[in-house]
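One chain, subunit A, links the two complexes that follow: it is found with subunit B in the first and with subunit C in the second.
Our next item is the complex of A and B:
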């Protein structure tokens, strides 16, 4: 049903560390691999080796340049997938009941055999987390690798989402946000984990850890007075040129 | 938003059809026999034709019946129910007029109310979306409803009422455009809130996730058509409102009224094209676009 549960027993989701992400896109590839080979319709590509390649992805990595008021600009890699919102607007708009939020763990899923491919859920999602597969005509979205996390056929260390398992930088963490002692809850509390577009009122479960402030080199006060400062004023011909150009 | 022909035809043509049904339901006009049949056939062709068009953009139209199940939360589902209810009630009312020459007035009123509710539900499919600030306003519903009524009045040949509604629709349309142009800025959603990085400095999209395009960009970031928006608004107003108002103000013959109807419909298509093409989805912000 497309009525959202008032509360869920657990709140499974991801913490994404923007300080640690190196922008390697390994999570994108492992996500595409796992979700193409396993549960549901494969994530198709169109013209994959042609002139205008395009395809379905459940996880995409953006890169942003942030220019502080002072100091150097910073490049921040920004992985984005479904945030499994508590107040998921994509679920309530679904006319068929294909979209739902699970009471037991809060994962937002699509029952593909009920999906008519109207696209309204993708319209309702502010994060671009849902993509209509061009080959299958059904809506695809992150399942939080529901077919891995409970899969007893996998070794225990593999029972986490493919993106988390594969991240070489340790920038992605999977856990239960309903448990205040879980490592994702602690990380969020320690590092000031934030919501994306909080004004949209979606109450996302996934949290993003902001980049830590850049550290500064302390001035070495013992030797500094002994060093002759390097002349900043030009001399000779350059001084003359500088002066003349100032006058012009 | 991508201005798909299917949704443009769906919203505008079904709006005209249900608008005409509203007038027929209130007995404006209350024709009998063959004339009634022609009016109802036109109304049903428009309403049903529009609804059929909406199924063209579905990935799985064969499962369309499932869309009736979630009326508790989904405006799309409510619209499906209301449309079917309106069409059934008006068919009974119309059958009375066409075959028995009797007008069961309460049935007509109920059908008119359901038709109005259908148009409102259609508008709410768009107006409910917080992700598209330009649509997320009661003005969207007002615009859809008043355009449907104005078109319906024009088709029903109710000159004084249609004139008033057309002028009203023109005012709402202009108000909607003026309000809409500031909607994204006023919504408070921007690149800073989208990335959560606003506190650290000014945010610029440096590199998109892929070199190629994708579903999100095709569906939500339709920038190409926006450059002629100002001209298209004038064209739309002239055809949709100006021409029919001018013709109805004169003592026009049936041929001129037909031209008024055609002009109104053409202008309505342009207006609806702009409704989609100019709508900015907040997901565009992640791509540094709007």
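Our next item is the complex of A and C:
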């Protein structure tokens, strides 16, 4: 079994804004592209052009319908990747030490050369955030683009996870939650950022901003102040117009 | 605890980054293509690019799977089996071009109209139309007619521009953003970026759409309207705003034709001897031209002459829209939205437009010469796309929406909707359609354009349609983009005439781009009494093995988007922003590894072999060696070419001599060019003297073109007058009443044709499609990554229908329209208008196409609604069958469809089930472990 660090210097992670995510899957494919070409084995695809296409993804977007007690049903887009938990059960369950949480920034990684593909970590993860690559036989997971965020071959502005860089709606934010003044810490505080399934006790680093309340416009009756009628007949309207234009 | 493993956190990313323009959809974002060992390793957004500013959607990032797709055609193909069999032999390019010339040359010499050349989702229309014009056929258009011509034409006739590539919301200032019928494309990244930006500021979004997905899912208010009734909702809001006096009277008086007088006898706009529209000046009470300095046009003015009282356009509008038929209570049931909610939305629009109005400290001078010290902002903006336009009442609905935003005074003001160059541009300075055919010579002008009355219709001397698609005829007089969806059925029927060769590019007409797919397949394969195909020759160009390939006789394989030159031109559909003119290129960031050629380069060669005047030098030699040569050296008019940037010595913008190094300069600049609009010119553009001068300098116009927004569209009145019996060109009798009704010069609502002709009790449900964000029409399915997101497309049913039929997700339903039936899997969706069913567009595929396995879910469970939609409406009492199109523009009325849903036993596959077509490219590999470089 593998130990977690007692603490990490930084807590890097994502804030995902569920109010703004339009469910476009840009993050899913940008992640697939970067991580196929970079960290570890490529993310493979089985039956790529066949009857049961199924590949490895480190990030997926699920869509859920929500029926509030009153009002219309809503659709919530929910991007999901590794939450880089402080108490990551996927690490402690690892029999070889391949899964580990980095001391310097808290990123949870799989050292593929030590991974035996036993799948225990995927079983232990309550979020379903790990996927065993069928071609390589190793466990794949979000690396928080550890090969981008410090990469001196990239311009500084590009040293962020691929999913954050590409998100068209700006619904994904990257930063250090250990720093209370960081953008992600502030956003989390301002918008009521939430842990996913806190009852699991995993202390996820990533936070989700809840959707703002919807469909709150109240129906109005005819005499409401904003639409007080000035005239209901064309003739009356033209008379109003006469008076109004005189004032202009 | 054991030591952490060593990790290289600064690996090499790529050997080289090449910047070009995406073509995974029509948005034209800038991309950084990372290469390793000369192969594409990774694609991301270009941070400097005006369209996407670094972000990129799922399609764009999956471009690597597209340029490596196994469905890519490998070489020119000549059909050797029967049409539809997929039996081809590979031929050389010389053979392919000789064959094409052997068909096209005799046609041109004898009767150029026997060639129909239609180019689908073409991004080079200013080039392909130039080719067609030089060839001399009147039969050219791209896919606008089956896409969103209602939106484009309604916008241009009304206000000199429309949504998407014509304009955008003022994301920096808008506080209320209202969208109608916006699925998840059109446009893609900029709308998402804008939504993110305004949400971060706390601005609100109202989404009007029967389906709550995508942008409508994140909207603060979802208005789940009944399909086809948007016009009624909009005009009910106009009714409320008028009734409450919440309209921008100053804006209407100054910048629109609301104060222009209507001739009480003819309904035409009153004009002076110079043709200028006349208003009453409030200062003098006298009749005067609208554009005189110091004129204060009177919205309630009238003029008595010859016993008639001529009143303003505004007067007619007040009479119409204050009428009880547009009261919220009268429309609520039809639109499926309560009257109280309609009023609430109208009130919110009024509150934000007027109570939250603001001023920018920016001086400007209007076209009348009046100086303004401030710019008034009204922070309400609108966006809309195909959802409201793909109906048979779509043109009038789009017009109604423009009236709404103009009444609120929110067009071209801070916080509102803003045009992008080359718009604003009045409809009068667009070309008119041309159709005069001369054997062996070019057409007399551009094919497509904007008609301004019966004289501009594309009719032959005997009154019959000049064009194969019957564009610009009495059936659809203002069909600015042509009617690609009618070409095959008209050619098959020989109505208005037969053709010899159908030449198409990038349009999957035997599948998802046609109504009545099975019928179209039959038309493409049917033979006459002599055993010859009814449509004798078909040439098709595409990069991929689509469903259309099997139905062509000659295939000209195109390159993928990373292997080609292109220009995203100001002459066509550029990438401008509201604050800047911009255009862009594509260039071969990788070389093709197959025997394929860019289609436009092939046209350069074909043009020369056919001796088309624009494509040969004086000595008869080929003028443009390839498309890149054309892009740089073509001169459309003096100083103006396909690309506006880096002209002359490289420092000229807009106008300037040919610069042989122009493409190099684009490449150095990241594949695009931007010229910002000067401060003070970026709002009020149609009337802003500084903007108008800048537009002339940039070559967008040859002289300033200020104009009034045309709330009243006079050309429509001219068609109505013809239907009333005035003038020499007269419509056929059977169309008179329809023209009188539907070409109303003021927007109104009428039920869609399907709603009036089909028994609503028998077919109670509306049926829609929308395109997902991660797929672009049929292209996405060949993409190994994207098809894992959208590999199946159930028919989504509202909860009520699920319960009534005791459906469970995954059950199968028989879906029947007046035209046909399909059998498909269903799934429940609660966030859906209760009388609407829908599915994702173009996920269903035919077996054998796109290099997919026969068992691909797209082919076994996927389906198209196209089978349920006919290109003609059901027969009427008069025995005639009219096009299933908008009567003004001819836009395909995809979304008028009504169906009934019945539970059925589980079939083995979705129905109808077509035979497998033989793939000319084989099948893709079963496993991908993609990685390039070391």
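Definition applied: the second predicted complex is superposed on the first by the 213 of 248 C-alpha atoms of A that agree within 3 Å, B and C clash if a C-alpha of one lies under 4 Å from a C-alpha of the other, contacts with A are read in each partner's own complex, and residues count from 1 in each chain.
Methods note: a contact is a pair of C-beta atoms (placed from the backbone, for glycine too) under 8 Å apart; a residue touches a chain by one contact, two chains touch by 3 or more.
Just so we're clear, the structure is a prediction, and the values are computed from it rather than from any experiment.
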{"item": "Subunit B versus subunit C as contact partner of A:64, first or second or both or neither", "value": "first"}
{"item": "Which of subunit B and subunit C A:214 touches, first, second, both or neither", "value": "second"}
{"item": "First (subunit B), second (subunit C), both or neither touched by A:152", "value": "second"}
{"item": "Touching partner for A:97 - first (subunit B), second (subunit C), both, neither", "value": "both"}
{"item": "First, second, both or neither for A:119, with subunit B first and subunit C second", "value": "first"}
{"item": "Partner chain(s) touched by A:168 [first = subunit B, second = subunit C, both, neither]", "value": "second"}
{"item": "First (subunit B), second (subunit C), both or neither touched by A:44", "value": "second"}
{"item": "Most subunit A residues touched (candidates subunit B, subunit C)", "value": "C"}
{"item": "Which of subunit B and subunit C A:54 touches, first, second, both or neither", "value": "both"}
{"item": "Interface residues of subunit A shared between complexes with subunit B and subunit C", "value": "3, 25, 28, 52-55, 57, 63, 65, 67, 73-76, 97, 114, 136, 211"}
{"item": "Subunit B contact footprint on subunit A (complex, rising order)", "value": "1-3, 18, 25, 28, 52-57, 60-69, 73-76, 78, 80, 89, 91-98, 114-120, 122-128, 131-134, 136-139, 194-201, 208, 210-211"}
{"item": "Touch list for subunit A against partner subunit C, complex", "value": "3, 5, 19-26, 28-30, 32-34, 36-38, 41-42, 44-55, 57, 63, 65, 67, 72-77, 97, 100, 102-103, 109, 111, 113-114, 135-136, 146-147, 149-154, 157-158, 162, 165-171, 211-212, 214-222, 224, 226-234, 237-238, 240-242, 244-245, 248"}
{"item": "Subunit A-facing residues of subunit B, complex", "value": "1, 57-61, 63-64, 66-70, 72-77, 80, 125, 128-132, 187-189, 191, 193-197, 199-210, 212-216, 219-220, 281-283, 286-287"}
{"item": "In the complex with subunit A, residue positions of subunit C that touch it", "value": "1-2, 4-5, 7-13, 36, 41-45, 47, 52, 54-62, 64, 70, 184, 188-189, 192-193, 195-197, 199-200, 212-215, 217-222, 224, 240-246, 249-250, 282, 298-300, 315, 318-319, 322, 338, 340-341, 343-348, 350-351, 773-774, 782, 784-789, 791, 829-832, 851-853, 855-857, 860, 923-933"}
